[in-house]
Every structure is written in C-alpha cells, then in structure tokens.
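Since the structure comes first, as structure tokens, the remarks are kept for the end.
Read from first to last, the chains carry the letters A, B, C and D; within each, the first residue is number 1.
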Amino acid sequence: MSATAVRLAGITKRFGAVTANDGIDLAVRAGTVHGVLGENGAGKSTLMKILFGMIRPDEGTIEIDGKRVELRSSADALAQGIGMVQQHFSLVGPFTVVENLILGRDSRALWRRWLAPLPLSAARERARELSERFGFGLDADARCQDLSVGARQKVEIVKALWAGATILVLDEPTAALSPPEAEELYALLERLRADGTTVILISHKLPEILRLCDRVTVLRDGKVVGTREIDRADMDAISRAGVEADLVHLMIGRERPTVPERHPRELAPVLSVRGLTDGGRIGPVDLEVAGGEIVAVVGVEGNGQSALVDLLTGVVRAKAGSIVLDGAELAGRSTLARLRAGLAHIPEDRHAQAVAEEMSLIDNASIGFTTGAPFAPTRLWLSKAKRRRLAEAIIRDRSVRTPGPDAPMRSLSGGNQQKLVVGRELARAPRLMIAAQPTRGLDIASTTAVHEALMKLRAAGAGVLLLSLDLTEVFAISDRIVVIRQGVLVGEVATDRADPERLGAWMSGAAGGEEAA
Amino acid sequence: SSSGTPTATESADEFVWTMVTDQAGLGDKGFNDLAKLGIDQSAEELGGKAQVLQSSDQSQYVTNLQQAISTGSTVTTAVGFLLADAIVEVAQANPDELFTIIDSEALDEAGTPLPNVAGVLFKEQEAAFLAGIVAGLTTESDTIGFVGGMEIPAVQRFYSGFAAGIESVNPDATVTAAYVGSFADSAKAKELALGFYDQGADIVMDVAGGGGIGVFDAAKQLGDGHWVVSTDTCKVDLAPDNFLTSAVKDVAGAVLRENTAAAEGTFEGGTVTLGLADGGVGLCQENIDSLSSDILTVVDTATTAISDGTLVPPATPEELAEFTAPAL
Amino acid sequence: MSARVSSRRTRIDEELLRESLEINRRGHNGWRAEVLARAAAAGGTAAGRILSFVLTVLAAVIVSLPLVYLSGGDGALALDALIAGSWGSPIAAAETLVQTVPLLISGLAVALAFHAGLFNIGVEGQLVVGALSAGIVGATLPLPGPILIVVCVAAGAAGGALWALIPALLKAYRGVHEVVTTIMMNYIAFNLSTFLVSPSGPFVSSSQPSATEKIPIEARLPILVPGTRLHAGLILAIVLVIAVAWYLYRTPGGFSLRLTGANPRAARGAGISVPQTILRAMLLSGALAGLAGAVQVLGLFGRYFDAFSPGYGFDAIAVALLGALSPVGIAAAALFFGTLDSSAVYLQAQAGVSREMVGVVSGLVVGFVAAQPAILRLLRRLRARKARTRPNPSPDDLDRVLATVVPVPLADPDDAISHGLAETEATR
Amino acid sequence: MSILSMSLVIAAIHLAVPIILPLLGGLISERSGVMNIALEGMMLVGGLTAVVFSFLTGDPWLGLAAAAVSGLISGAALALLTVTLRANQVVASTAINLVGAGLTAALVPIIWGTDGTTPSVAKIPPFVVPGLSELPVVGQLFRELTLVDYGTFVLVVGVWWVLFRTDTGLRLRACGESAESADSAGIDVVRTRFVAVALSGAFAALGGAYLSIVILDAFQAGMTQGRGYLALAALVFGKWRVWPGVAACVVFGLADALALRSQIVAPDIPHDLLLAMPYILALVALATFVGKGTAPAAVGKEFARA
C-alpha cells in the first residue's frame, strides 16, 4: 500500500538480567496509526525510547523512510522528524509552556544561542497558533508545574509536533486525560493522519486502539507475539468484540478476566460528609457513601478532586463541615486518627504521594502501619521481620512482580508499584477506601485485579469513593456517580441510569447539567 | 632542679633539633618562622640536623611530640601556648627527654615547673612600649590604630605596652584596637587597616599574624605618611617606605639558647621570662638609623628605666587602665 | 474481613496478618536458614567491599607518589609510614581509633539529618558548642566525678541540639533552607566560643589562654588501654552506631524520619507530622554533633580549647556520604579517614611528607573512592561485553575476582544524596 | 568620626567581590544540576595560580587569565568525577577541596622556598576613571576600584543574561531541573553539565585571584578563609537566582565592612560579638522576610542514559 516510515529490525535491549526487548521487528506504514499493545513491563516504552534515541539498543537496526539511521540521542531522532510524548512527563516544571516548547529547538549559530535573547515572542505566536489549531486553549506563559495533568499532556503533544514531526510516538497519552479531553486528542490524531503524519500509539485502552489504529502490534515479555490489521471502516459491535478478545489473548495469553457481578445490597451509611469546605476552592460539599457502595466522583482534571481528597484524608484541614465515618466525627482529627478509624487512600499521584522510591518494598508496604502494635508495640521497637511478612503477603496477594521484598521500590515497574500500594491500602481493613485513579497506567490484568479488590471490599460492607477519569472504569464498577465541577458536587446519578455522553457534557459544564438526580 | 638534671648525651652530629608547631604552622613571618630559624641555627652552630613537625590539629600535638622523641630528638621545641597541656603530658611520661615551650610554661599538678621543660615567656609589652614611643612621637594626626588577629594574651601584651608607650610621650594621641577575628585573613586585615587610615590614623600596628601582610598592603597602597608598626620580626622588606618599627621577639635566640644549653649539658627546666634587659625583646634594629635622634633618645631613656625596673609597662588592659605615664 | 482497633494498635486486616504469619511458619527452611543465607550474602558483600577498597587506596597512593617526591618526601618510606603509622603498632592503632571517634560520631550526625532529607552543614558549629558546653560544665560544676561525666556528656548533647534548634525551627515551620541557616550558625558559634574563652571572656582559664579550666581527672572519659590515649569515647561511638542504626531501622520514629526524607508527601499522607519530624531529626543530629565535641573535650583534651576542631564537622559530611549514610558504613568510612589522619604524623616525621602533602594524598584517596562506583561500573560493562562475545563463557581468574568486587562498591551514596537533597516540603 | 564613608563602600566591594565570583560559579554549576561545594578549593587554586603567573611574567593580567584557566582545569576535574564518572557530588567536592588546599600550600615552599606566604608580586592596579574620579565624595570610588571590580559587574550581568535570557541558559537550567526532560528534548546533558561545572571552576578561581592579586599582592595558604562556603550560603540565600544572590553577597560584604569598622568607632562593644553580627542579621532576615527557596530539582542527582 504505502511506504514504510519506520522499520525496526532485531531490536534487543537488556537491563541487567531483564531483557526488555528481545529481537523485535516492527514496521510502520507511513500515514497510518500503529498501535502497540502489551502488559505492564512488556517492553513498549523501551522500544519507543530506542526509536527516540533515548536508549541505545544492544542489537538491531532502525530504518526511517527506508534509510538506515543511527540514533545516538533524542536530538538525532528529532532531526529525523520523530516526535515523542513520553509516558512520564518530560516537561521542565518551573519553565513556562513556551520555554518548554522551544527547549532544545534553537538551531541558530552557537554564538547566537549564547548571546542573543530567546526568540520568545515568535514562539509564543506559533504556540498560540498550534494550540488554536488543535483546540487546546493553552496559556503560553503559564508555568508547567501549575498546569493540570491534562493541560500538561496537551503541552507534551504540542511539543512533539513543534518541529513538524512526521513520525509521532505517543506513550499512553490518554492515561491522564478526562473523556472530553481524550476525544479532542482522538480528533487531533485523525487530522494528523489525514495530513500524512505517521503515528505510533501505545495504550492499555482497547476501545481507543480499535477506534484509531490501522494496525496493532502486541508485545509480550519483550517479544512481538502478533500483529493485526484493523479494518476500522467495517467494525460492528460483534466484530469489535472478536478483535478485542483476540488482542487480549495475544497480550496475556488467556481470556480477559471478568469483574464479578454487582449485587444490590442493603445499605447503611459509612461516610457522611456535610458542608465540608476549605474556605476557598472547594465546597461546601455534602456526600454520603454507604457500606457496600462504590461512589464515583467524576470531573475534568482541575475541578477540585484532589482538594476534596486532601480534606477527607486530613492532609489539609477543613475550614468548616463535618466528616462522619461509622458514626465517629473525624473533621477535627489528624490523618493518623482517620486511618485508625478506617480510612484508606490510594493516592492519584503514586510517585509524589504514595511511595518512597528509594526505600525498600518492606518499608513501602509498612507506610502507615508503624505506629502501634503489631509492628511497633513500643516506641523503641519496630519489627522488621513482621513487616517483611506483611510485604511478602501483599506481594503474593497482589501478584507484585519483584525480585524480593528487600528490593528498592524504584526497581519496580509503575504497574507493580501501584499493585503494592493497592495491597497496602487494602491491608488497612478500611471502612472507607478513597481510590483516586487506582488503575492509571495499569494493564488489563492488573486493572481487573484492582477492580476485583474494590468489589471485594464492597462485598465486605465497606464504602468506596472512586475518583476516576476513566469512564469505562466508572461504569464497570461504581454504583453511583457524582459530578464535581469547580469545587462543588453539581449532581449525581445511579450508574445504571447514566449515559456517558451526557456525563461528559455535564462534567465540562456544557448543556444538560443540573437536572439529573 | 634537684635530682639529676637531664642532659643531652649524643655527640654533635647525632643531635636532632625538633620543632613542633600548632595548627597555624610555618609561614607566619612571625614566631613560628623565628623558631624555625632558631633550630636551623642550632643545627648550624651545634651540629646535627633540624626538623619541623607541623600539627594540623589539636589532637596531633601529643602524637607529634611523641614522634619527635621517637626520631631521637635532642630537644623538642613546642611553639605556641596551645601546646602547653600536650607538652606537660609528654614530658611527664618521658622524664629523660628535653623540651622547650615558647610562650607558655609547663607546670605539674602542684604548679611547679617540670624539670625537663624550659618554658620561655616574653615580655612583649616592653618592646611594644618602645614601639609606642616611636609611634607617639611620629604621629602627626594623633590617631593610631591597632589591628589584632584575635584577642589572646600575647596580643593584649602588645596592645597594652604599645598604648602605654604612646601615652607616655603623646598624651593627646588616641589608639584604638580592632580585631580581624582570625590570624589568617589578610583581606579583612587590610580592610581594617584601610579603615583606620581612612579615619585619620597615620600609624597602624599589626598584630594580625599571617594576616599582617594585609596591613602592610594597605599602607603601601596609600603611600607615604602611612606607617606600619609590626611585631615579632622586622618585616622592613614588606613595605620599606611605610615600615616604621617593629616590636620584635627573639624567639630564635631563645630556642638557640636552650638548645645550646642542652648540647653543653647545662639544660635547666623551669620558666624563663625574657624582656628588654636580657635582649629577649626589643625594637627592630634593621632600620633603627632611620629614626630621628630625638626619638632614639627617648627610647634609650625608656629602655634604661624598663631594664632597671623603675618602669613596668602594663601587660593587660587592666594594668593599662591603672598605668600612669612616666615623664620621659 | 475483620479489624482490631485500639489506640496502641495499628488498624490492620487480621486475615492478612494471619496469612503473613503463616508464610513465616511455612517458611522455606525456617528462620535459621534464612539468617544464614543473609549472613552469607552480607559476608560476600563485605569481602567484595574490602577488596575493592584496598585496591582503590592503592591506586590513589600510587598516583600521589610523584607528588610526594616533588615535595622532598621519600616515596618508599611514605608507603611504609602510611601503614605503620596507622596500624603498625598497638599505640598507632589506638591513635587511629582516637582520630576515628570524632569523625564517626559527627558522621552519624550528618547522616541522621540526611535521612530526614536535611543537609546539616552546621555539624561543625554544633560540635563546637557541644564541646564548649561540656568544657564549661566540667570545669565549673562541683559534682563528684562519675556524675559529672554524665552531666558533661549530657551538656554536650544539649549544647549541640540547642545550636541546631534555630535552623530546625526555621526549616520546619518557615521552610527556610537549612544549608544557609546552619552555615550562619557555624560562624556565630565560632565567634561566640572565641569570645567566651578570650582574655575578657567569662570562662577562660587563668593559666591557659583560649581554653577553659581543666576538668577534674575523675570526670574525664577513662582511658581504655593504658599507655595510649584511647578513651571511652570509642565505646560511646560504637554504642551510638548501634543506637543510630537501631533508631533509624528499628523504631517507628526512625521510620517516620526516613520516610519524611524519602517522600514528605507520602509521610504526611500516612499521618506523620513533617515539621515535627524535621525538628526531631535536626535536634538529634545536633545532639550527636554536640556529643562528638564533648567526647574530644572529655576524652582527649580535658578542657575546651578554642579552635580544637580541624573541621571534624565538615569532614563528617564526606564520612557520612562515603559510608552511604548507613551507620556501619560510616564507621568504616570514619576508620578510613582516621587512618589517614593518624598516619599524617608518621608520614611527616618518618618520610618527610609535609602535612600539606598529606592533605593532597587524602584528597586523592577520597577522589578515587568517589570515582570507585564508576570504575566498577566500567569493569562490569567490560566484563559483560567479554562474556557476550565469548560463545561459551567460562569464568577465568579475572572474572572470579571481578565477580566478588564488581557488584559491591564501597559506597554508592548517589541515591541517598539525591533524595536527601530533595526539597523537603514543610507545608502544613 | 563617622563610619559611613566612601571608603566603607569600597571596603564592602572588596569584601563582596570575592564572594560574588564564586557565587556565580556555584550558580552556574547548581543550575545545571551539579552541587559544587568545592568552590573553596578552586578559589585557592586560582589564588595561587594568579600569583605564580604574575610572578613569572610580571603582568598581573596574565596572572588573572592563568587563574581562570586553572579554574577551568579544577572545574573540569570535578566535572570528570561527578558528571562523567557520576561520582557522588559532595564526596568529589571534598576531594577537590582537600587537594586544592593541600597542593596550594605545598607548592609555595616548593616554588619559593618559603612557607605559608609567597613574595609580593605585581598586582592589578586601580583604574582611574577619567572625569568621574574628579567628582567630590564618589570620586574616591572611581580612583580606587580596579577593572576587575567593573569586570565582575559585567560578569554578573553576563551570567544573568546567559542563564535567564538565552537559549544556552534555558538548556543549562533544564538540565538542572530535570535531566530526563532535557535529554528527551535533545539536549546533551552530560556535555552541558561538564561545561557548566568547568566554568564554575573558572569563576571560583577568579574569586581566589581577586584576593591574591587585586586586594593583596601575594598568596597565603588558606587565604580564602571559608569564602567559598559563604558563597554557597549566598546562593541558597538568593534562592539560586543571580541578583538576589549577588545582593546577599553585597550584604555580607557590607556587614563585614561594618563589623570591622564599627570596632574603630565603638571600641567598647565586644568585638567577637560585632564580628558575629553579619551572621546573626542574616539569620534574622531569613527568619523574617526571606523565607523558603527551592533548589533546582535535579541538583545532586546523577544522570546517565541507558
């Protein structure tokens, strides 16, 4: 059909004992969207970093537009017209949007780069142009660290396209986007394809893969296990289900695990929040969660979900309002007291809030368990042996892939880190679990495992407050959905009566909002 | 002392003249370098070899003194009062070894001097008094500065004698002391001296240790009419046009004297205090001819009075406060 | 699913707890085998460390030989003096330990703060104030000997902690960077201590300038080996190594401290008060620094001397990092620096190496040790390449040596420092 | 007598410049992500080199140039250890400090045969600014300052401009904030940091040379007296920014000058306490209005590509 834009041949990369890529061959046709699928740790990001010059392969060759190239650094890749959006943000936080966009792109003579002022106004103009063309609405002079995750994602995309990339690599670009934002991205990718740009898309979300990709390659344990053409034009519900099942089978070697059915239950309130406010950005919030109920809070990033969680966990002190958990008032109490009263929390930002990367798995598993028996019966004794057992139990229960409990947390892949965090929070025997983006970046099997765990909690009579951007997830496991906008809950709906389209509009404050109940 | 004064038993070419410094060490153009001169002269005149062990910190004093002994040192000279405790410890443990300590005495628990240690103290105030006379008679602005490194007793003796000398010949002149806070910061010493000159002083006394080159540099920079009075050694060459005089301490002579005594078997422990009368301190002789005969006359008068004990220059600020200037 | 809750008990899933205990019971070959396995691993690591360490020092010494000749020293004698002067005789060994003690204790002080994410450059000032406090108390309080020792040691710790208090408060409650405040506190400590024992100062000895009066012999730390200067400070230092290790790794407080250093937000989410933890870490670090100073006064000098410290508190930073912030590693690193310090005296006297040149040699050794992880990485890579190009890898002698050496650099504190230096947020 | 005079201003400048120059060095290095606490050792190397070359050539300007080169070399040594070999930055700095202090002290007797202090050499002369030096009061300033003082000001402006207004600065700061981000933007992190650390050595060395051949005319072992560490404090005090950092140095210089001179006019106040005043005031300032600052996020972290 069309020419081959990218050809990877025999790519092998080892990290110590781990072989992340094992003789991978991959050909991407020009002007198409090529999906790359695989479980956590399958080697997707490694392969793309090799294509972007950030990692040197141990073996293998790369061809761009039919020409063999040596990519020694991302500068080389950029020069070849490759742009990449990393799985983890690669923006410089304290820099403004426009500074991030022109970073490393100045091609003037060396002395000019040392002496002449940055061409900021021209760049600002171009940034505005691009942002407008994609409907992003970016503020070129905002500091990236102040932006919401979604906005940062958009900056990453603009940055990748800045130099007019003809090959665009996107590593899980929608993991942090709300559904309306993801829609915008899909539209953008369609447009880019139409313009002739070649796109490589990594994702764990099958629906978006099926919707966008012309062809999909599945990796498992560093090897290509299959490539499938996708006929997007001719895809009905049945053939879609067939392709999905096929891909899942390729990815994990078995059928898609299923989430247990939800059964209606007798409900007694576990959490009751009244008039909660931080005196500014958020509230007053009224919210009930019953035992045996999963309540999803949905909203576009930046509407106060994080702030609400901070108030509930006690990391930020409320100005007014009450938080009653199992009949006990928690509003004035410390975070520790709240944990003791039965609160557990899977934070949305794993790196920043949940784990200490340099500490061992044992230490990370025991965060929040170190005051009081059984691990710390006195202030002079914190049992290591018992903490090791706890870590081992969590590792086994949640199938965390690790060399052992003494390994540092940083040696785990993101998905496995998340599993450990989930296991740790479940170990608190919570009455109320606050789960914020609990499956962000997780592969299908791990996602299912987390969902199972939350369902099990529900079955045991605990309440779950789910904060998620992933509507598929919300529809899969929640009983009730509340919508948050600009710091207040603007309405709620039972999940089985909710409609994704309307929910999206509601979240973004467009038409049709308030009347649902 | 009473029972068996220790003596050196080696022959001349086996002599080892050792010097142990405190952490300041060589290169101060002051008393450490003078002590070095003393042991070099000892090797030259008495035979044997000279060696220097520099300490880099307080905890090394004892080990350095012990090292000196184990290398066969004939007399080990500890330079600086900070070594007093260490020398007592080592000398008591090695009663057959000979030691000298400069600027301190070595006393046992009962307060009696150890028999195998010669403690050499200097009456810096006597030399400083003479320097004060020179300064008091030279100043035209009647404003005189004093740049000290840190306020330790030796520096106080210099200051008290200097101020008393000035007062004795020029009651109208004021002398003010200021300190750098270190004996090694020549940049700050220079700024302090510049400050004095800026405030109208035409003479500044330098007791800033290694930082003293800063005081000289200040005077050199400002040129004629800005004088420096220095300490320990002559230092004419640092600024020939600005050097007025120096209150010198004959550390080299004292070291040589104790070493000679050891070589000749007449070494005696105990404390000696050297002043003008024994030539242990005095004015710099290198440029003495450049001073006017009027000044030299007064200096001679004072020297006589101090030597025969009729004039006792103050050694501390308290003594200075009570000091009544004699007519000279 | 059940949960037991009481105020002294962590809330935990009892089922999971039971299950985890079962893992224990069913455990492979029981705890004995596990302990043995872990000891064997640790032993292998230690052997590798020692070997690679010796090689590193040798390399540094060889590089510095030309310099030694340049400065008029005798290279052959120098090598000999380096060993003989530090470990060649019981007295030399005792002296090496004497030099080790202050570095070890102040290294622990630096490390404790580092574990909480704090860069305490103020250990030097805290050490001076600790020494000063011990010296003043020892010279002025008319207490019987043994009691006075305890009071002096306590005064040293308290003095050091006091000196850390202002930076601690400013850091914990106002977020002021501890590097600048502790540097300021250092200068204030130096000036204050100079003043207190200056001729017009209140605590100066009548017979010894720039020092306090002597502390009665009975109130000094006892000498451990007669005929040497090795004092009970060594025992205190060893106890402190164990205590700090215990505190950091075996107490809830130490866990909070490490977690706060590694990720303050995670700590806060787990109910730990970050400001309080910072305060505690800084005060403990200051107290350790103060102890280091007090030990020099009570064990070695018998009185406070102004400027007694050649910068122990600054060397301690290198000691702590060289020891990879682990108490045992710090003990090893302090012993290493102590060895260099005590051989300095010998090098000067026996080999004519000036004290300045000794400084150069120790700098080169430190540099080589710093570069060691990189050199080892390089060797590892070469070995890996070699192994790959050979169809049938059979470990030859070199490979066997490298196998022990390569995976275990003496210390690779990079990770520790990077998270140690990460800004600890103290927002409430 | 008043202590407020032009010569106080000059003293403050003389005391501030040898902190400002290493501050600029530290700023460049830390902004690129490498913690440099070896400023002190690099200053000493620069101070001695300046004197050696002024002694050999009789031209203090050649001394100054040689000092800068010596700083590049000691900076490159630190860069080799920390950037290329990825050694721990504090331990490597300690090594440079030890070698710098030891070598400079050891070389003086090897070169001149005297311990501690070198002989006097030609120093940088004051630069009399035509016209301005005739002015009353401020004229003194324009008679006594040297071209190095003016040059320092130019360097401050230059460092500020390059760091915060040019592409080179943007790249350098990106390496200091997030090496991975910089790398993925196509920046050679290792090379950028290497150059930054080497340059930081040159700045520190100029600071040392300022002490030895601008203020004085000789080198003295250990003459920097902790100014390298003070520069580090000013760096933090100024929150890793150029102008606030320079302001902190100027405040230190002025406070030092005042502490020295107030002894002259107020001899009754215990001088040890006066000498501690600048540091006490700095603490008070930090406690009251300066507040918290954030280091470049990647300082202290090594970077290596897989």
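Everything that follows uses one rule, which is that contacts are C-beta pairs under 8 Å (C-beta built on N, C-alpha and C of every residue); 3 or more make two chains touch, one makes a residue touch a chain.
If you're wondering where the values come from, they're calculated on a predicted model, not measured in any experiment.
Q: Tally the contacting C-beta pairs at the B-C interface and at the A-C interface, and name the larger one.
A: A-C
Q: Which chain is most central here if centres come from C-alpha coordinates alone?
A: Chain closest to the assembly's C-alpha mean: C.
Q: What whole-Å value do you get for the distance between chain A and chain B if each is reduced to the mean of its CA atoms?
A: Each chain reduced to its C-alpha mean, chain A and chain B end up 76 Å apart.
Q: With chain centres taken as the means of their Cα atoms, state the distance from chain A to chain C in Å.
A: So the centroids are 41 Å from each other.
Q: How many angstrom lie between the CA centroids of chain B and chain D, rounded to a whole number?
A: 35
Q: At least two partner chains per residue is the criterion; list those residues in chain A.
A: Chain A, residues with two or more chain partners: not present.
Q: Which residues belonging to chain C are in contact with no fewer than two other chains?
A: Residues 191, 194, 198, 200, 354, 358-359 of chain C each touch two or more of the other chains.
Q: Spell out, as numbers or ranges, the residues of chain D touching 2 or more other chains.
A: 221, 272, 275, 297
Q: Among the chains present, which pairs are found to touch?
A: A-C, A-D, B-C, B-D, C-D
Q: Along chain A, where are the residues that touch chain C in the complex?
A: 313-315, 334-342, 345, 347, 352-359, 363, 366-377, 379-382, 384-386, 389-390, 392-394, 396-397, 408, 426-429, 460, 462
Q: Please name which positions on chain A make contact with chain D in the complex.
A: 13, 15, 49, 52, 54-56, 73-75, 77-78, 84, 86, 88-95, 99, 102-106, 108, 112-118, 159
Q: Which residues of chain D touch chain C once you look at their complex with the stated criterion?
A: The contact residues of chain D facing chain C are 35, 81, 84-92, 94-103, 105-106, 109-110, 221, 229-230, 232-233, 236-237, 270, 272-273, 275-276, 278-280, 282-283, 286-287, 290-295, 297, 299-302.
Q: Considering the complex alone, what residue numbers of chain C touch chain B?
A: Where chain C meets chain B, its residues are 95, 98-99, 102, 191, 194, 198-200, 207-210, 229, 296, 300-303, 305, 307-310, 341-342, 344-346, 348-350, 354-355, 358-359.
Q: So in the complex, the part of chain D that touches chain B is made up of which residues?
A: 1, 3, 5, 7-8, 10-11, 14-15, 18, 108, 114-117, 120, 211, 215-218, 220-223, 225, 256-257, 260-261, 263-265, 267, 271-272, 275
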